[in-house]
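These notes are about the structure you will find just below.
Labels A, B, C, D, E and F are assigned to the chains in the order they are written; within every chain, residues are numbered from 1.
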C-alpha cells in the first residue's frame, strides 16, 4: 500500500538479488559544474516514468531479481569516500551479485572495478564510454579525481582497456594514449566505422570474456544529455550508446552510470541514464536466460 | 492596433474558416508529469516566433482560412471533459471544417476522432505518432485515461489503425498488438526502413482515402521535445515526424497535437509542436489547391 | 552504510513509532497549477538540509520515535484515492500513533481527519491554515475536490472548526462562513490582533482538548512559499505559522502539510514545509515529555 | 464553451466597459534584464488563479464592466511605440473609460498619463510607486527611456508629483529631487511613518482630486517580486503597496503596472501584479458605488 | 594567482595578439525572445569547461596568441551601438588581427564585415550560417535590425554571398533570393548533398580567397542549441556546423557568433557556441602553421 | 570602450586601492547544495544592476578607490585552497588595504580573518552573521569544513566573538556556545530586542575597536535569499542585515560574503549580496571621511 522511493521494479531483497543497484551521492572533485550528488535520487524518480516491460529483449523487469540498496553515506573527502565505497561494494560482488553503481562522479568507478576484478576468475577488461580520457595521474592536486579514473584502472587493475566517445583531453593524455597503444574511439570514429564494426573490433582487442562497463554520461552528445558536470559537444547519440550497451552487457560483471548533474536540465539526462540502466539489465538478463 | 493572444495567422472568423484550432487545457489523467494543461497557450506564444510563409509548400498562412476558437472550458473529471469536448468538436466537423485540437493529454483525441468518423462519407483510418501503444482497456482505474486512447479508437471507431514511433508498453500491449495484427513501426523500424517506404506501406495497409492524424509529441526523441508528460528515449527525429506529417496531412480530416508539458523546458517542445502544426496546415492546404 | 531516501531522522520502525509520516503523491483535482504529487519526495530531500536538533524545544529528532512509511499508491480518481488513503491511515491511528500526511492536494486531509475523529475519545476540533475557505460543496464537478475539504470536514466530522490565513473565496463561501458563524482569521486579522491573542481566542472557541491540524502551505505568503498550486498574495509570515504550530501541536492528534508544488521554485517551499513539519513534531514531543 | 486567453473576469465588450485593460509587450530600452514584453500575457495566465470575488470591498469582478482589449502591436523603436500607444489610449480615455495599461517597460506610462491629463476637467496629479526616480532627461542616448519617465511627466504633464518606494538613483537625481522640492518617500520612510500617515500627507500635498497612478513593480521588495528588470533590495512590502493602492484608486483616472519580467521567476511577480491590478479595480469600483 | 573572468586561454595582450575576441552585449532589436546581451559572459563562463588542447588540429590554445578585449559599452539604440562597434573593430582589423565578435544580436555583424572588407587587399566574400535569410530592407521600423543584416551586407559590402542553414523567411525574402540568384543551402540541402560537396560548391561559387564568416546560432537545430532568440526547428546538426567551420576558417578574415540567449537553457547553447569558437580558432591557426 | 567583467565601480588599480575585492570560487566541502563556486561572477553580473550612488551615505562608488582583483585559482582540496588564499590575502592586508572576499563557502573566511588579525595593532573581534554556529571541530571528516569556521576562528584567532542570526546547530554546538559563554543572537532575539539595542550590546561586549565582519548569506531568511547552500527558514530580514552592516562596517578591517549558490534562484541572492557589499563599502568609506 505504501512504497518507498526506490528504483522502480527493484522488488528483490538483497539476499535473492542478481542485480544490486546503489547510489553514491558524491561529487567532491567535480571541476566545472557539480551536482552529480543528486543523480541517484533523480534516477529513482525518473524510473517511475517507464513501463516494466522491455520489448526488445521480451523481459519484464518485475520478473528479474533487482535490489535497490539505497545510497552510500558519503564524506567530503574523496579518499575516505572511495574507501567506504570499497567496503560497500566488496560483499556485493563476493555474494555473486552484479553491482550497479549510480554516481556521483567518475572517480567512484575505481573501487567497483577493483572489487569486480578481485572476484573474477580471470582478468577482466574495462570498457568506458566517456567524452574524456580521464588518464591524468592526478588533477587539481587530487590523485583520485574524477578526471583520473581511467589512469588508475590502467595502473591498478587491468590494461585490457577501451574507451568510446572520447573527444577531449590535454595534449599529454592524447600522447599517452598513442604511446601506450590505448584503444579509443572518438564519436567521429563511431559514426564513420559504425557501432557494429567497432564492437567487433573491441571484442577481438580485449580478448577476455568478462568486462566492467562504465558509462560516463558525457559520452553522449549534450543534445541527449544536457545535465552533466562537463558537457562536451559532438558526442555519441542515444542510439549508439544503447547499441553498445546491448552488445557489452552480456559479458559485464559490473556496471555504473556517472556524472549526471540533474540540476542542469528538466529530467532529460536522468531519464536517459535510467533508460540505459534498464537496457543494460535487460540485455544482461537476456544473456543469462 | 490591439491584437489578442491567438495563434498567429489565425485571421479567419469561424464562419469562413477551413481550419479551426482549439485548445483543451486538460491533463487530469497524466501519470508521470502533468502540465499539458499549459500547452495550448504555450503554443500560441510560440507561434509568434514563426514567419507567415512556408517555402516548401509556397504558402502564406495569412492567405489560408484559419480560426483560433480559444480554449475549451475544462472539468476535473475526464468523462465530463470528453463529453464537453464532444459537444464542442461536433459542430466544427459538421460545418465542414477541419478540426485541429491542441491538448492537453492524449485521451482528448477520442471525441475528435469520433466526430470526424461520424461525418466522413466513408470509413476513416487512424494514424497516431506515439512512443506508447495506449492500448490498455483502462489505467489507474480510469477507462478514458490518456494511456488508453488507441484502444478506444480501435474499439469504438475504426480498426484501420497504424501507430508510428511506438517503443514503450507493458507486455500485454505488445502481445495484444501482435495478436491483433496491429500495424506499428518503432523508431528503429523508421530509421532502418526509411520514412518513404513506411509511408507507402501505411498507405497500402490502410486502404482508405481519409484518416485522422494524432501526434502525441512523445513520439519524438526527448532531444527534440524535452517538455513532455512521459518522455521516452530513442524516439523519432524532428525530420522524420515532419516528413510523415507532410505525407499524411493531405488525406487527414482531423488533427491533434497532445502531451506537450511546457513547464519542463524553455519553449523547445511548444515551438516544435507549433511548427509541426504549421507544417500540417500547409501540407493539407497545398493538397487542396 | 547504505541508507534509503527517507525523511531524515525517521529512524523508528512502524511498530515502535509514535509519529508515522507518509506521503500521498496525488494532485488530480488541482485547478491552477498541479505538481503537489512531487511534494513528499521533495520534502524528504529537503530534510537532508536540517540539523537533528531543535534548540527551542531542546529535542533531538533522533531521540524521537519517527517512522517514514513511504508513499501511498495513488489512483487517477480522487474517490478511489481517498478510499485507499482511508484504509491506510485507519490502522495508524488505531495503533495509537500520530499520523502525519504529506500531500499532495488538500482533499487528502478528509480521510485523515475522519480516522483521527473515529479513534478519539472525545469530539475533536479541526484547525486549518489556508488562504482559501475550501467551503464549496463541490468544484468543477467533483465533490471531493481540494477546494471543498473544509466543507466536508464540517459536514462529516466536526463543527469545532477554525481557519487561519484565509483571504480568498467566492462570495458564497464568505456568506456561508458568516451565516454559519464560522471562526476565521485573515492574515490582516493575525497581523493586527497578534498570534498570541488569536491563539487564546481559538482555544476558548474550540473548547476541546484535541484537534486535527492541517497546513495548506498557501496560507503562507508566496514570498516564503512560492512553489504552490494556487499562490495567493498577502499571506501569513513564516514566523506566524511557526508560532501557531508551536501552540497547537501539543493538542493535535493528526497533522498534514499539503499543496506544495515543488516544480515552481528551487526548493524554498519544500524546505519551509519540512522545517514546519519538524517544528510540529518537536512541539508535540515536548508536550509529552 | 470556448474562451480566449483574456484577463479573467474581463467579460465586458469595449462599448459597455468602464475599465479597459490592454498590454504593451515592449521592453526595448530595458537596461539590465529585459523580458517585460512577456508580462501582459503572463498576467492574463496568472489571473486564472484568482477567485472572482473581493471580500474586502464585497465586489465580484464579474459584476463590473471590464474589457481586455488585447496587446498593442509593438515596434522596435521606443518613439514609434509611444506614438502608437498614444493613438491607442486616446480614444479609450475620450470614451470616458478608465485605461489600465500592462507593461512592458515604464516609458510606456507617459502617453497614458498625457491622454488622461488631456481629458481631465482639472489638473491631475501623478503618483508613482518605483524603486527608481526615473528623473533623468535621457539615458543611454534615448530620451524616452524607461529610466526617464518621471522626468517627462514632470516636464510635459504635471508637477503634482509624488513617488513612493524610491531608493535608487544617481547623485544628480537625488539632487534634482531635493532642489525641486519633489515629494518622495523611501521604503524606510514608509516603514517609519506608516502608510496611513503618508497617504494623508500625499493627499494634502497634491491638492487635486484626480491622479494617474503608476506601479513600477520594482517598488516592491524582490522577496515579493523577484521577476523584475531592475530588482532593488530593501523595498516595499506587498501589504504596503496594497494599502497605498486601496487609498489612491478611488481618485485615479488611469493606472498601469510595469516592469515585471516573468522569465525571472516562477509566476510570483505576475501573480502579485495581477492581484494588485484586481485590488485597484475593486477599490475604484467600490468608490463609484 | 588571481585571474579575471576572461575567455579561457586568451592569454595574449592586445599588442601581440593574432585573434582578438570581444563581446557586444546588445540585443535591442530582438523580435521574439531577447537576452543575447548575456551571451558574451556566458561564453566566457562556458570556456572554463574545455581543455586547452584541440586534438583534431593538434593545437594547444595556450600556444596561440588570443586576446579577450572584454565587452563593448552598449547603447539602447542600434544605430549608435553599430557606430560604437565600428570605431572599436576598425583598429583591430587595421592592426592586422583577426576580430572575433561575440553577440549580441545579428545586426552587430555589419560593422565587423565592413571593417574586414575595408582592410582586405581584395574583395571578400560573406558566408553566413543562419536559419533566417535576414534579407529584409528594414524590420519593425528599424533599418539595422537583426533581421536585415544579410541585406545590408549585400547592399553595402559584397555580393559574394552564401547562406547555409536557411529555412525561414517571408515570401518576399525567398523571392528576392531567387530573383537575385543568391546562393543558399537549406538544412535539407545539406543533409541530402553532404557537407563536403556543398563546401566545394561554395568555394567555386565565391571565387575569392578571403571571407568573413558569421554564425547565427539559430542555424543549428534547437536540439543542439535551445537557448536562442528565434529558435527554428529542422536545423543543422552540431557536426555539420563544425565541419563547415573547419573548412571555412582558414580563409576567414573575421568571425562572429551571434544570437545565443543563455537565459533559455542551462548552458547548452553557450557551451556549443564556445566550442565552435574554439574550433574556428584552431582550424584557422592550423592553416597558418 | 571595452570593459572587463569586473565588479562595477571597481575602477581603481591595486596600488591605489583602499578596498580590494576578490572572489574564491570554491565550494568543495558544501554539505547540502553546492554551487557557491559561481557566486563571485554572479555578483559581478549583479553589480551592473545598481546605480553608482549611495544616497544614504551620500557617496558615489566611482569616487572611492575600489579594486577587483579577479578570482583566486582554486583547488579541489580545502587545505590547499586555504593555503593559496592565505598567500593571496596576506599582501593585501599588509599593503594597508581592506580585503573583501566573495565566497565560495564559509571555510574561506579563516585565512582572511587571520591575515587581518596578524596586521592589526590590537586584538580584533570577529562578528559573523550566520544561520549556523559553525562551531564543530570537524565535519564529515574534514577539519576546515565550512561548518567549522567559527570554531577555528575561536581557537586560532580571537575569542572576541559574536554571531547574529544563528538558529541551527546540533545539540553539541548549542551546549558549547552556552558553556563557553559565547555571545549569540537568534533572529527571534533580533526581532524582539531590536537591531539598535543589540548592536549597542555587541559593542560593549567586544570591547575592541576593530573587527572582521563575515556575512554568511544564510543568516537571511530564504524569502530574501533563496539561492543558498543550506537555506534555513525563520531568518533575518534584509533591513536587519543592512542595519547591522551599516553599524559594524566603520570598525571593520576585513569583510566577506559567502555561501550564495546562484544556480538556485534567478539572481535574487546575488543581487542582495552585492547590494549588501555596496552598503558595507559606503558605510566604511563614510566613516573615513
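By our rule, a residue touches a chain if its C-beta (ideal position, glycine included) is under 8 Å from a C-beta of that chain, and two chains touch if they have at least 3 such contacts.
Keep in mind it's a predicted model, so treat the numbers as computed, not measured.
Visitor: Considering only chains that satisfy the touch condition with chain B, which of them also satisfy it with chain E?
Guide: Both chain B and chain E are touched by A, D, going by the contact rule given at the top.
Visitor: A-B or D-E: which has the larger count of contacting C-beta pairs?
Guide: A-B
Visitor: Same or different, please, for the chain A to chain E contact, judged on whether over half of the interface numbers appear on both copies.
Guide: different
Visitor: Out of D-E, B-D or B-E, which pair touches the same way A-F does, with over half the contact pairs the same?
Guide: So the equivalent interface, with over half the same contact pairs, is D-E.
Visitor: If you average the Cα atoms per chain, which one ends up farthest from chain D?
Guide: The chain farthest from chain D, judged by C-alpha centres, is A.
Visitor: Express in whole angstrom the distance between the two chain centres, defined as the mean CA positions of chain B and chain F.
Guide: That gives a centre separation of 55 Å.
Visitor: Could you please state the distance in Å, as a whole number, between where the Cα atoms of chain E are centred and where those of chain F are centred?
Guide: 41
Visitor: Any idea how many Å lie between the Cα centroids of chain C and chain D?
Guide: From the centre of chain C to the centre of chain D is 37 Å.
Visitor: Could you tell me which residues belong to chain C and also touch two or more other chains?
Guide: Expected reply: 223, 265.
Visitor: Can you name every pair of chains that touch?
Guide: A-B, A-C, A-E, A-F, B-C, B-D, B-E, C-D, C-F, D-E, D-F, E-F
Visitor: Given the complex with chain F, which residues does chain E contribute to the contact?
Guide: 1-6, 22, 41, 44-45, 69-73, 84, 87-88
Visitor: Sort out for me which residues of chain C touch chain F in the complex.
Guide: 48-53, 55, 58, 60, 223-224, 238-239, 242, 265-268, 271-272, 275-276
Visitor: Okay, in this complex, where on chain E does chain B touch?
Guide: 32-33, 167-171, 174, 191, 221-223, 226-227, 230-234, 264-265
Visitor: Okay, in this complex, where on chain F does chain A touch?
Guide: Result: residues 27-29, 31, 34-35, 37, 74-78, 80, 139-142, 145, 263 of chain F touch chain A.
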